[in-house]
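I have a structure here, written as structure tokens, and I will follow up with some questions on it.
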Amino acid sequence: MARYFENGAGQLVADALSGFARAHADLVRYDAADGFVTARHTAPARRVGLLSGGGSGHEPLHAGYVGTGMLDGACPGRVFASPHNRQIFRASRAVARPGGVLHIVKNYTGDRINFGIAAERLADAGIACARVLVDDDLATDSEDIAAGRRGTGATVLLEKVLGAAADTGMGLDGLVELGTGLAGRCRTLAVASAAHHAPATGEPAFVLPPGELEYGVGIHGERAARTREQATVGELVEEMTDALLKALRPGSQDSVVALVNGLGSVTSLELYGVFGELGRVLDARGVRLARHLVGDYVTALDMRGFSLTLMAADRATLDFYDAPVHTPALRW
Amino acid sequence: MTSSAFDGERTRDWAGRFAESVYATEAELTALDQQAGDGDFGANLAAGVRAAGPLLDRVEASAGPAEYLGALATAFLDEVGGTSGPLFGLLFQAMGRAAGPGPELTTQALREGTAEGLAAIRRVGDASPGDKTLVDALAPAADALGAAGEAPPADALAAAAEEAWRGVRETASQAARMGRASYLGERATGVPDPGAVGIALFFSSAVGTVRSLAPRLGGD
Amino acid sequence: MARYFENGAGQLVADALSGFARAHADLVRYDAADGFVTARHTAPARRVGLLSGGGSGHEPLHAGYVGTGMLDGACPGRVFASPHNRQIFRASRAVARPGGVLHIVKNYTGDRINFGIAAERLADAGIACARVLVDDDLATDSEDIAAGRRGTGATVLLEKVLGAAADTGMGLDGLVELGTGLAGRCRTLAVASAAHHAPATGEPAFVLPPGELEYGVGIHGERAARTREQATVGELVEEMTDALLKALRPGSQDSVVALVNGLGSVTSLELYGVFGELGRVLDARGVRLARHLVGDYVTALDMRGFSLTLMAADRATLDFYDAPVHTPALRW
Amino acid sequence: MTSSAFDGERTRDWAGRFAESVYATEAELTALDQQAGDGDFGANLAAGVRAAGPLLDRVEASAGPAEYLGALATAFLDEVGGTSGPLFGLLFQAMGRAAGPGPELTTQALREGTAEGLAAIRRVGDASPGDKTLVDALAPAADALGAAGEAPPADALAAAAEEAWRGVRETASQAARMGRASYLGERATGVPDPGAVGIALFFSSAVGTVRSLAPRLGGD
């Protein structure tokens, strides 16, 4: 509370969205009554609207990726809370095109349920709707977790690739197939050296003993299943990269797209250090690094940590990745 | 022995008692979700019954059960975020649909509505019995209604409530496999599932107000 | 130390720069021996090379602004320490063009001295060199500070405008006049609710009592001259904006360019909230907000705070500002 | 009474004692900069004399004072960042230039070199006497050399050292107007300026090694 600059408890997200809407009025529209953001300009060839959403606190995800070549709309929930199904339903209606609407959903129970209910309402309303589920978090890849792997960093990569595919006029089925296939070829691992601070209290969500890292941490302040000792960033990145490669087994035709992502308050110096180590490990393992992003793309408020995402990509995926994009947070 | 006719007025009273039960136990629900989840379940459920209040008041005096259940459904589906709110909404929606346009709620309609609600919740939330979710209270309640035959609706609901509470108590020994608690592995074991408690509160409220969870969570 | 992800004390900057160089190899070159970054592509019409630099820990400043349309080179020092005069001298030689080299220097004693010594060496070597001094920090505008106002957020705006001007073929004198004039029309104020953590220890540089803000804070972990009670972000931004406008007194032909800048670990939600409030205050005061940036542009490691910069801008300045730019951290 | 010839060998010894004095007082210098600056002055000055070591060793035995001063200058100008390193380098550079190619350092050359060094430092750093910087030790030292007339160099340097220490002690009561400390207003008052101490150490080392600052910072 003292720590956060805000106008009062519960105002953080609403105030941010209205500031965001003004700051990027050339790119997006904000429907304050129903709580969603839509793109002002989209490719005329697009036949399916792309909608994403989830809890707030992960900025620039998702509203930062609304714009040309990426998302048609985004529904931000309260901090770390799923958006409401009505919000999703109305946003879906607003962005649906003749070919329907595609929901890009991170695998969390609340998100699945609310997007699911919205989908049932859309079916009622005669609007075609399908879902791509993002579930890249290797730390939650376990027999004991029926809920499946969480969705995290890969979301940005999928939204980019699917946006470019949608711009070619690809239909709902094609997008689901492309996105689902791609989601299976993405894995992420995250570590943190300090928790985020809860907006309500200004206190850290958890306290780590000095010299320990939360290894396999999520993006909602939930702790990881285990901690580990702090190591040099070289050792840490090598261990993480090898775990990701083992899970992914990129084919001989594949190269990888890497996302080195800050979770909130890790410095840019550290992120570039991580990227340097990642590059070295991939070189040593003979894996071609085709594309990369280094920065804060999927955050957890002000958590001090980073995540590594690898996506095994073929030529066609890279072409979609390279297509122009113009959103508040991603542009080329 | 309760009267066998379960009309609109009795449905409205049921919804009213459900709200009372939720308000009375909100702190206990919060405490449960703090141990097994993120601590907002009590607030979420209370937000639902609070939103339902004005909608229930607006239903005409002559209305049948379906309209009261529909008011509950609208409130939970449209006003409550998070995981559990819309799941409760799906149950109320299915029960309202099964109630049909008639003036009375039959045991048959309760049986069908609960079964359909359970199916919708499982379709959307993908949880199986044993995953330590509200399904573990709703499935036994649906079974009890399935076995109620031609019993009067109030008796059938009382049996459903009994079974729901039994299901709640069983969740305490289960390891969470769905929802946030699952990421923590063993840490949530020993705590009954808050969402399951909410379901049991709903069926219990058909016959009375619940003022404290402790006695119902206690023994076997 | 436990907090920072690094390979060992003192490795942070060097490792970051080599990762940075690989990440942005399409845009920049890194001379590891002499410790400077240069642009790969610059406008052929450019007659003067633009060089900046300063302590590290302010990323993306300065290396992030090296590229087409902005800086020809940057010299990063150690964390919060001026670059070495030899580094500056060699970088200057590398980026100098027929019209010479322009140093864009933030007003800190160490930076002034090291750029000054490099300039004496360049004069010796027959290379024309001149300086634009950035001194926008309103908090250090005092009779008692002979060192003058510190340089901070305005650096980004000046580097952008001067880059576009240099691309038109403007000479050294013209650039100095333009830059010096513009520097006088920029003011910044910064507040923090928590200090950065020292890389060496992982401990906060200072501890604020809960509910207090450091008001007028610098970007090197030096405390402000005063603290104030936390207020709503609306009250805070109004007070800051009015102070900036009072110092700037934009003319009736001017509009303002605003930079809402995160100092490290403030969330994007908060920054957009700040921007929303800033917009409201400017509207109420009848000041036209012509352009704006919202994000982390000039940081102080992981300090939790933000700065507001206003630049009074005429039409010509806006045209320079709008010219295309393509650097690792700024692109349009 | 010291011998009046101040040749290359004596200049080398001076540089060696300067290094010793810096190492011996590094912790005290650090402590001063922690109170009035950012705590790195001791490390910065030590880095300079450390870098100078191998350069001084490489100077030929037959060389004159200018080459030893030049080695110091190169080390401080080229190897030490921060504020103070290059400023010391400018002083050594000017003194080396004034020493000229001859075999001995004259009082005249010391006078000119110190004055020119002071001028370069003020040109680059823009500090005036009284701003609580190393200028407040160097300016009195330069004045003492200016007043030394035809005194032997070692005596002139001893007088310069005395005056430099007096200047150091005066900085304790000054409010910082330049450098980082100035942003803090009153908070740095009471602490002598570390850069000024460094200057006094340099001149003192011409006649002996300084092993502790305390006695010199103490009285008046």
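Worth pointing out:
Here the chain labels run A, B, C and D in written order, and each chain numbers its own residues starting at 1.
Everything that follows uses one rule, which is that a contact is a pair of C-beta atoms (placed from the backbone, for glycine too) under 8 Å apart; a residue touches a chain by one contact, two chains touch by 3 or more.
Values in this document were obtained by computation on a predicted structure and should not be read as measured data.
As a whole-number value, the distance joining the C-alpha centres of chain C and chain D reads 33 Å.
The centroid of the Cα atoms in chain B and the matching centroid in chain D are 82 Å apart.
Taking the mean of the C-alpha atoms as each chain's centre, chain A and chain C sit 30 Å apart. Of all residues in chain A, none touches 2 or more other chains.
For chain D, the set of residues touching two or more other chains is empty. Taken as a graph of touching chains, this assembly is arranged as a line, each chain contacting the next along an open chain of partners. Chain pairs that touch one another, listed by label: A-B, A-C, C-D.
Residues 38, 40, 77-78, 80-83, 86-87, 89-90, 120, 123-128, 131, 175, 177-180, 182-185 of chain B are the ones that touch chain A when the two sit in their complex. Those residues of chain A that touch chain C in the shared complex are 2-8, 11-13, 15-20, 22-23, 56-57, 59-60, 64, 79, 193-194, 202, 210-212, 230, 232-234, 236, 264-277, 279, 292, 294, 296, 299, 301-302, 304, 306, 331-332. Interface residues of chain A facing chain B in the complex, by the touch rule stated above, are 77-78, 80-86, 109-110, 112-114, 116-117, 120, 140, 144-147, 150, 218, 220, 222-223, 225.
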